[in-house]
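Letters A, B, C and D name the chains as they come in the text, with residue numbers starting at 1 for each one.
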Amino acid sequence: MLLEINNLNAGYGFLQILRDVSLKIKKAEYVCLIGPNGAGKSTTLKTIAGIIKPMSGQIVFEGKDISGWPGNRVTRLGISFISEEMNLFTNMTVHENMMMGAYTIKDKNTKNRLLEFAYGLFPRLQERSNQLAGTLSGGERKMLGIGRALMADPKLLLVDEPSFGLAPQLTDQVFSSLDTLRQEGKTILVVEQNVTKTLSVTDRGYVLENGRIELKGPSAELADNAHVRKVFLGV
Amino acid sequence: METGVSKHEMGFFSSVLDRLCLTPLGALLLVLLALLPLIPPFNQQYLLRWLTIVALSAASAIAFDLTAGFINIVNFGYAAILGLGAYTSAILAVRTGLSPWIGIFVGALASGLLGFLTGLLTLRLRGIFAAVMAWFIGLALMGLAIKMVWLTRGPLGLRVPRMFDTSSNEPYYYMMIVMLLVVYVICRWVTRSKMGLAFKAIGQNMEAARTSGVNPTYYRIVNFTLSCTIAGWLGGFYAHYMGILTPDLMHTSKTVEVLAVVYIGGRGSLWGGAFLAFPFLIAMELVRSGFSNLPGLHLVIYGVILILVMIYLPGGIASLYYRFLYKPWGKFWEFMVGYKEND
Amino acid sequence: MLNSYFARAFAWLKTAGGITVATAAVLLVAGTIDRGPYILVNTVVTGGMLGLVAMGLAVILGVLNIAQFAHGEYFMIGGLSAYYVIRPLHAYLDAHPSAFLAMVAPFIAMITATLVGGLAGAVTERVCFNPLRKRSRANWVMNSFLLTVGISVVLVNGDQLLFGTDFKGITHYWPGVVSIAGVFMSVDRVMTFILSLVIVTGFWIFMKYSRTGQAIRAVAQDEMGALMVGINLEWIMVLTMSIGCAMAAVAGASLLFMYPSYPTVGLEPLYMAWFVVILVGLGNVMGALIGGFMVSLLKVLTLEYIGAGWEFVVPSVIIILVLIFKPSGVFGSEVRSVLDQ
Amino acid sequence: MAGKMRLSVIITVVASIFLFTSLAVAAEKVLKIGVLGPFTGPSAKSGKEFKDSVTMALDKIGSKIGNYKIVPVWIDSQSDPAKATNAFAEAIERKGVVAGCLNWHSSVAIACMDLAAQYKVPWIAGMGAAELVVKKWRSNPQKYSYWSCKFWPVPGKLEAGQSVAFMNWALKNGVWKVKAKKAAIFGEDTDWGRNAGENLKKALKAGGWEIAFEDYFALTQTDFYPMLSKYKKAGVTFVGGTTTSAPSMTGLVKQYREVGLKALLFANGLSWVGEWYKLTGKASNGVIDVQAQFGSKAAKAFAKAKKARFGYAPSAPASGLSYDGFNFFIKILRRTLEKYGKITSEDIHKVVMDEVNTGKLTFTEADGAILMKEYKYTAETAPDPVVDTNHYFFPVIQYENGKSSIIFPESMKEKDFTPPM
């Protein structure tokens, strides 16, 4: 088991959002977390990434209890979080952003290898490597966000709303790059609004409603589930 | 701030209090203030003098809180605007012989006008920018007061006729207490009307306020103008009480003094700073005079308290009241007079 | 190729920053022709010092979003530390003259001051800002600003209680006077100017090329992003506060010959640093250096054509105008930052 | 949260303890006298010198006059008239001060005069020199007689007059030659600086000088390169002015050398702070000044004793004048006791009115005055002292390697004038 979450409770200040959330991810799995707005999907990712401190519960990564660790230590361990808004360094060039992604890696050769891999995945980024990140288009920003996260050589990628604010063909592009990563052996946990699309590409899925896991199972099964169809697909 | 009990359900006493925006506890404190000069040791002139100055600080704190606590802009040039009112009134009295009783209102108008302009100028600015803008307006104003020697006599000091022809402090004290009450009632009345809600909305999130139909321009200017008008009015009192004016009155450190009182007292409460001013400033004076061998000790304590409050008690003393005393007191009053506190 | 450079230079000249710099340059040249080379020399030398003081402020503003009101107090701490190092060294030198030691003694003092200032900054961050940050990030800019007001009051009066009110100053670091373009000035001033350029260049290289420097820039641009790539935010914040305060301290130390250290010495450097920082835009670190020269020019011209004492009124008015028409500073972008809230 | 509560409780308790202890009536035969000075704020250094001088004077008499034990009450003016009046009133009412002496700022003097009159507590030897103090005093001499014996005359009488008199003399006698009589006046932008500047301007104009510049700068100003460069360019031959701020003055003196200005510099107040030479070094050589000197043997002994005890070189005006002022005050108290058999505010005031302001009771070198030959007040001069070479007088001095020597008037001359090169 790569990541195991047991009875996680978390929220902001006095406001509790997650209630007893438990989930498991094996190595090289492609898992999605779906649910309506405000169900706590992003909160789950942020809590795993160490941006929000859990109130109680356990987050175990590769056998280590990392609950309550600050974000930078979690990243060092091999978990990269890609937020909805990307959090790029807008006044740095694309290249500098990529190199910042490899902040935790000291070895030059590893860095170059990772950069080559990321640029291979997103040739567009290489073309723009000297441009300021703030001047990129929405799709390019998304690519840069993923590219930067890859620079940390993560074992687990947490992706928050990859299709957010993107045109349909760009969404496809982003999803296909996630697919490539998955084939490269990366483990991915993705949070999405676009339920149909997500369930068609992922292995397994969890359904989060009002801060609780309501359903789980292989994606194909979930896509056929009556409740899911009713709530998310409006069928 | 809707009242929980409609007006006709209240007794006459409660209704008057409500119109004055006072709680019974507040009214009691006010009565206490009025009687203070009769109670030893406060029947001594120096304590009356301290109390007058403290009451002035309290009133300044209320007006300062109107901007800082409601629209969330720290008017860092506050002391300078107070000084403008003081100088206007003083210069009129010296040059044209205008009675201080009219002069302090003209001074208030002058400060209000500047407040209006400051409000206009800081419209596009938010938070720290607006604070810095007000700060520089204050610095420029103080610079002018120093350099325009022909008008203000600069640092030489302007001698100002006093308001009452007596060396006793009682008239000044009572006048100041009345001014304090007037300032409080005006600010309270404004903030618990619809306008107060608008202020708070702007202070919390200007964009959200704008989209929900509140016109930030109008309210910000009204707020600044009102706060500065009051400052100018109080400045006039200062001038005619102290009998001498120097541009030092407009120094940033004077703003910091008011600011500290407001923040330690609890910003956004209006009464917090005003209430705190009395025990706190007098305690500070006592520390200063008790430890005269360690000059500056009281200021260190002052600074440390400000730091601690900023970090650990952002709501100031007022929040302690709401947490620990408000409810028990409310029950007590309910029991005693059948009056339900609201607000 | 050359053409495109010209085109870009022209485009830049049309921006607010370009117009301001060009106007400043024209004024400087006009003033120099009208009154003599001393206008130019004084502007340049004073500008270097102002830039150094302002840069520390800009770093703290830009990275930590703290509008530092106690900056002058770290300036004071720097002067104080340098004083207690250089006095015994000078006393020793009087007894045992040594050309080499006389040359390096000031550097020992300045380095000590830098270290003490840096330490003071780190302690401040841990003791004051860190607890505040942990408690609440709401309304951060205003709250931290007011916190610095409290720190300033404590440091000024604490200095008086502990070290007394004496003026702790020196006659000079390095004796002698040099002549530049027929204008005489002390070696100390020239050295301070050179020193400020060295520090500023070193700082620029550090920020641009070192891993830590890049991490600081990253934190300034996006704290969450920085956390996501594995940067230790707490460490960067301590470090940044430390660097900012150390810059104020080294400025105070290198200017000890002009500003003896006493409790309220920090007021003037504080005002001047704020003039600069507002002029160029809050948190614009490199702009602060150019801003230092512009404010220095403003001071020199005001004094030359209007008279002493107006140096506060005239820049204040100009700053007010800048804030009205270009609230983000003459070099600032229109992008609203966190400081805007 | 509990911590906060505790804090406020502690504050309240401390405050009430203060209140109650203060209410305890002072023991008999204790005479509480006030000492007003800026013990905090920008002029705190002068306040410190006041305090130490008063301590020394008290130790000399064992804090006793007759069977009265003298207890000093330090009143911090905080360089602010409003705060000063608060502290002043409190000292009189709560701490039971019956009389007092000293003060530094003119603005504080103007505010506290009213209180002294209101409480009928005599106060002497305040330094606030400005004309405004005299004007206010003369507007109602009866009322303001409680604030008497101003210890520093209006600057025009001494500083400006003496310096210009000296220059006229030097030019006439050929010990100093100038290309043009072109002067620049500088000063701190306060009541003191401006008043002194005005007087210097008047005196210079009367002496046929052209005033090329007049600059008043903030107390915090320490960079004078632009200003001095401007003077140099214009070719001024005399630069004169004053500031009480040591960083400003020493900075100006140093920078005046550095920019190579060849004019005669009259830096009034350079040695008001004891450590001045540590700050200027040799740059002060040749600078002239008009001010009180630790000239006499007694004065030098005092300076030495003070340095030994408090660890700083005392300045003549802050330390010396406050020492003389306080000793004069003791003399008045003694006289009161002798004449009335007791010391009360009213008795002290009567002595001041009947004997001091009429010139009968003076304070002379024989009484232990260290700076002046005699402090004397008459009905014509009050509240200012009599100013001449046998009474209150500042000679013109020139600095050389950290020492100063009198160069004018000729009757007091210790050394010849060295003109600027």
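As a convention for this text, a residue touches a chain if its C-beta (ideal position, glycine included) is under 8 Å from a C-beta of that chain, and two chains touch if they have at least 3 such contacts.
In this text the structure is predicted, and so the values were computed from the model without any measurement.
Between the chain pairs A-C and C-D, more C-beta pairs are in contact across C-D. Chain centres were defined as the mean of their Cα atoms; on that basis the chain farthest from chain B turns out to be A. In terms of their C-alpha centroids, the spacing between chain A and chain C amounts to 42 Å. One simple way to say how far apart two chains are is to compare their mean CA positions; for chain A and chain B this gives 52 Å. Rounded to a whole number, the gap between the C-alpha centres of chain B and chain C is 35 angstrom. Counting partner chains per residue, chain D has residues 40, 44, 47, 189 touching two or more of them.
Each of residues 146-147, 295-296, 299, 312 in chain B touches at least two other chains.
Chain contacts: chain C has residues 157, 160, 263, 309, 312 touching two or more partner chains. Pairs of chains meeting the touch criterion are A-C, B-C, B-D, C-D.
Interface residues of chain C facing chain B in the complex, by the touch rule stated above, are 67, 128, 131-132, 135-136, 139, 141-143, 145-147, 149-154, 156-158, 160-161, 263, 271, 274, 278, 282, 309-310, 312-313, 316-317, 319-320, 323-324, 327, 339-341. Those residues of chain C lying in contact with chain D across their complex are 35-36, 38-39, 42, 45-46, 157, 160, 164-167, 169-172, 177, 183-186, 189, 257-260, 262-265, 267-268, 299-300, 303-304, 307-309, 311-312. Residues of chain D touching chain C in their complex: 40-42, 44-45, 47-48, 186, 189, 213-218, 220-223, 225-227, 229-230, 232-233, 246-247, 250-251, 254-255, 257-260, 273, 275, 278-283, 312. Taken in their complex, chain A has these residues touching chain C: 49-51, 70-72, 75-76, 80-83, 86-92, 96, 99-101, 103-104, 134, 148-149, 151-152.
Here chain B touches chain D in the complex through residues 41, 44-47, 49-50, 53, 146-147, 149, 154-157, 159, 167, 238, 242-244, 246, 248-249, 279-280, 282-283, 285-290, 292-293, 295-296, 299, 305, 308-309, 312-313, 317, 320, 323-324, going by the rule given at the top.
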